[in-house]
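Here come two complexes built around subunit A, the first alongside subunit B, the second alongside subunit C.
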Partner chain A sequence: MTAKRFRFVATMIITLIFLLAWVFPIVWSVLNSLKTDQDVLAYPPKLIFQPTLEAYRDVLFGSGSILPNLISSFVISIGTTVITMLMAVPAAYALARLRFRGKKFAGFYVLATQMLPPVGIIIPYFLILRNIGWIDTYQGIILIYLSFSLPFAIWLLVSYFEDIPFEMEEAAYLDGASRMRTLWRIIIPQVRGGIAVTIVFVFLNAWNEFLFAVVLSGNTVRPVTVAMFNFVSVEQTLWAKLAAVSVLAMLPVVILGIIAQKNIVKGLTVGAVKGGGRR
Partner chain B sequence: MKPATATAGIATGTAASDLGRVLAQRERRFAAALLAPAFMALLATTTFPLLFLIGTSAFRMDLAMPFADGFVGLENYRTLLTDDRFWSSLLVSLVYTGATVVLQVALGLALALLVMDMKRGQGWFRVVAILPVVLSPAVVGMIWRTFMLAPEFGIVDYLAINAGLGSKNWLGDPLLAMISVIVIHTWQWTPFAFMVLLASLASLPEDIYEAARLDRASAWQRFRRITLPLLRPAIVMVVIMRTMVALTAFAAIFTVTGGGPGTATEILNLYAYRKSFTELSIGYGSALAVALLIVTLLISGVLFALRRAK
Partner chain C sequence: MTGRGQVRFEDIVKMHGEFSALKGVSFDIEPGEFFALLGPSGSGKSTTLRILAGLDAPTSGRVFIDGRDITATDARDRDIAMVFQSYALYPHMSVYENIAFPLEMAKLPVAEIDVAVKDAARKVKIEHLLDRKPGQLSGGQQQRCALARAIVRKARLFLLDEPLSNLDAKLRMETRAELKKLQRSLGVTAVYVTHDQEEAMTLADRMAVFMAGEIQQVGRPAEIFAKPNSIDVAAFIGSPPMNLLPARLADGDVIIAGHRLKTAMQAAGERDVVVGIRPGALRIAPDGLKARVELIEDLGDTKVLDLDCAGTAMRIRVGDESVPPEGAVISIAARPQDIHLFDPATRRRL
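Entry: the complex of A and B
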């Protein structure tokens, strides 16, 4: 009985430490974003203080506002998501449901593209985009984002397409429906849930990307993850503002993550069942 | 494709097999049309850059000194083999990858086992574990660099001072900086291992454990002889996925230390970036990127072989 009690307490303490360790850096950023600059710098660190939205007002509407950067992030992420889905849904359907020569190879190719390190993609693309004047443009960034969003979306969608029963399609064909019509009217509605989950993850990955964004962004197109650096300089770090920007950059993905909570393991391990894969 | 085979099966004679052939051909064409856009995009954004990269690695290409550019064949690779910074970055890559992957799997598995036995509160873990993994590594790096690790300001430093260790230059000391970037990566991705392994644990058959308990197997024996072998596929999958990501980690180090102090936390991936975009030696940077690809292929080859081995 006492041994059991001890085990219970020990488990509680260890698991609580984990919970705290994961939550703390995030909560601490939120708290700091609600402080004045004096309160942020207070020593010992202040847990209780008069909250203010000053930092948010400054970073959103003050000079050097990050509003354009947030808009950049949204345009890039939404653009990437729309284009990716338009290409990935038909491709995933073909890979999951149709019979054709080289199907195995096609599936393998989609996975194998993921082995190429992103730095190996951005070096050539930097040279190419520089030549055609696409540095610091939305089309340049979105094009290169397809390199990771497409394989991811295709593999995630294949897993959903494979789950629908064949009878639905057969019935439609026997009624004389064309292939395109069957795909659009019968199949797509069946995988609505899977498509929604895929949209969430493609958006999330695009929002979080950093390497391509650092190389390709400039004064016109600069997502918030890159623009954050403006708040940390050698001379002085604007702590409260930096915290506010971090929270603004985290907010969309945290909301999406919680919406997609039940599917997160599937989204994170997609493709791994059959081969490699990376986030 | 079911419908075509079904029709072909019902009817008999050459007319039917012709019909089958026509249908199969139509299906192939339809598949090609559906696949074309995605595969053109993939060719353009992955295969083509790969070939271009290999080409570039055979040139001296210096954006700062374009007049000296020219074909050099394998010269960049010869330089690479005698480049101390290349070998040190490779070592940093292996240490960073090895340490983060082992820590993620060990901590994730331990926590999954603990949480699995909990009667209440599992839901909390499932929600909280999502938070780190959905965040941008760039934002995570920035938060740790400032609010957690900044000397005489960050919480970690505050705790160190209170514990009597004194204020440390967490990101300025080579060893501490390496430990810091490993801890940050582990912090962000242990929840991933935890979630995958918890899901895998939850799907294990209950009756094997009943039988083991009847046989008076100890908790350790049950873990060693039943749980671990059954979890092996999930563990190997986590190891493979996390290894690939750690090898090409960028934001998580770039935003925290930038590879420094000096080259203390410069993994091969970061070296290829810095060479290409900070020092503007695109040709040599390309050779480094190709070397990274080869290292990635070698390591994944070993891991896949391990996965197949019993």
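Entry: the complex of A and C
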């Protein structure tokens, strides 16, 4: 076997191991979501069984429907993403470009908030929200989500803005554009890959969030990550339903991932390619 | 168009912290002139251009365009077009949109924009590329696109920051000639930054030579070439550069390595000087300065000989005729009017 061929085979084997480790829980969930409760608990596990959509029917349209929770998750995630982006884009631009007092401190502060352990701040957050009466409200949860999505988004976007040469902006000023126009017409179109990547990450973080949601939500606003736990109780775990909800909760993530895949790759390589007139 | 684009720099100082990038720069540019800012990197020529464009603010001093003090005016209100070294084309827009952008910002009607864009594209011969994105253009085409974007708006002033430095040698020569023709036909005032003295010599009507944040000399290229007013300018202008050697001036003659050379200077007494002689002004002649040929650089039509003249390195440029072999000892001379004399202490021309 030549060295080249050996390397190829070795790479394939290692890739396969990682892929299996990653794909197994997902396949298992999908399989379980299509079984009846009896089949799920059968030992040894049944690989061949009569698939049924009963679990999906129950979790979507049964008495304990998770539809309201899916809607809650959407409202929270979209709300968080929209507000985050509206604030993070100008903030990141300012950090990347403008000179102002306390810029260094602001840049550090943005990063520092990312270093706090979430468990350490969850009780203060709970007390604050309770005092202003925002526990179990959309505005309460979105506000708290902003506290970590905003620094993350700013931090991610700054590097994209820094990649745009100064001369590009200066050319626009000399062409008669104001700063806002330059930002809108010249800068933002060039960082759209980065913006897409940031949108995806912020949305996913909000969609997948569990720790804060379980403490700060209630009966009115309960995202699907928290609602899932209704199927786990002291007496029994409804595995098929739990699996069905997991698959449903995963769907938007997968769809978003597929749509944004091209942009994510493009966004991560921005600046690596010497494009027209850049640099 | 003439009568527009007059520039006046009045004692401009630019500090970057403790470092002074410009130490009191003053000059005038006449309307319709092709004016070059020439100097090595870090000499302040680009800073001067950026201050003129309004991209940097001077620490002190004033800038006038057409008699109006614009020192505090925003870049976008100065009516100045600029070609950047990197071209700074907008990569997400087509060539057409790039050229149209300044007109769009000026809120011109669409029909007028269309006519102007096509006209500008025709002038720089890229009318067939209007639908392309800058990334799909060659370096030369990108450069033309940047030019078109600058000329599409009939700006008061036309600034060029080393616009040819990213092109290969052949294209640079061609574009240089076209640039000059374009500037003449448009009749605009052009300010051109370059570190390439050949570019400045060929393009400029007048030029300012920058060294270490100061203007050393302003004048027509031929004038500066013929009469550099300091050792630094003499060393910078001309290729290969001027031979500069320490010597003794005695009663109008210079003494180099024990040999006397006549100069045009009428002066009694003795003093130390720096003698400058251009390689092209030296001739092989009997009874001259003795020198040994160290190396022959063949440039095709001419040859440059590296000489060792009593321990001092010199260069002479000769035609094809009478080229001595390497290692030969030759005798060289120069006409009195070709010998430049400088003061070693002040470095100024005597």
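By definition in this document, the second predicted complex is superposed on the first by the 234 of 279 C-alpha atoms of A that agree within 3 Å, B and C clash if a C-alpha of one lies under 4 Å from a C-alpha of the other, contacts with A are read in each partner's own complex, and residues count from 1 in each chain.
Just so it is clear, contacts are C-beta pairs under 8 Å (C-beta built on N, C-alpha and C of every residue); 3 or more make two chains touch, one makes a residue touch a chain.
What you see is a predicted model, and the numbers here were worked out from it, not measured in a lab.
When the shared chain is aligned, subunit B comes close enough to touch A:Leu41, but subunit C does not.
When the two complexes are overlaid on their common chain A, residue A:Thr198 makes contact with neither subunit B nor subunit C. Within the superposed three-chain model, A:Gln261 lies in touch with subunit B and out of touch with subunit C [touch as defined at top]. Contacts of A:Pro189 after superposition on the shared chain: subunit C is touched, whereas subunit B is not. Once chain A of one complex is fitted onto chain A of the other, the partner contacts of A:Ser159 are absent, as it touches neither subunit B nor subunit C.
When the two structures are aligned on the shared chain, A:Thr81 is found in touch with neither subunit B nor subunit C.
Between subunit B and subunit C, B touches the greater number of residues of subunit A. In the superposed pair of complexes, A:Tyr173 makes contact with subunit B and with subunit C alike. Residues 170, 173-174, 276-279 of subunit A are contacted both by subunit B in one complex and by subunit C in the other. Residues 53-55, 74-76, 78, 80-82, 84-92, 101-102, 105-106, 133-137, 142, 146, 149, 153 of subunit C are the ones touching subunit A in the complex. Here subunit A touches subunit B in the complex through residues 11, 14-15, 18-19, 21-26, 28-29, 32, 41, 43-45, 86-88, 90-91, 93-95, 97-101, 103, 106, 109-110, 113-121, 123-128, 143-144, 146-147, 150-151, 154, 166, 169-170, 173-174, 179-180, 204, 207-211, 214-215, 225-226, 228-229, 232, 237, 239, 242-243, 246, 249-250, 253-254, 256-258, 261, 264-265, 268-269, 272-273, 276-279, going by the rule given at the top. Remark: subunit A residues 165, 167-168, 170-178, 181, 185-186, 189-190, 275-279 touch subunit C in the complex.
Those residues of subunit B whose C-beta lies close enough to touch subunit A in the complex are 1-3, 6, 24, 26-28, 30-35, 37-39, 41-42, 44-50, 52-53, 56, 107, 111, 114-115, 117-118, 121, 124-140, 142-148, 150, 152-153, 155, 158, 187, 191-192, 195-196, 199, 237, 240-241, 244-245, 247-248, 250-251, 254-255, 269, 272-273, 276-277, 282, 285-286, 289-290, 292-293, 296-297, 300.
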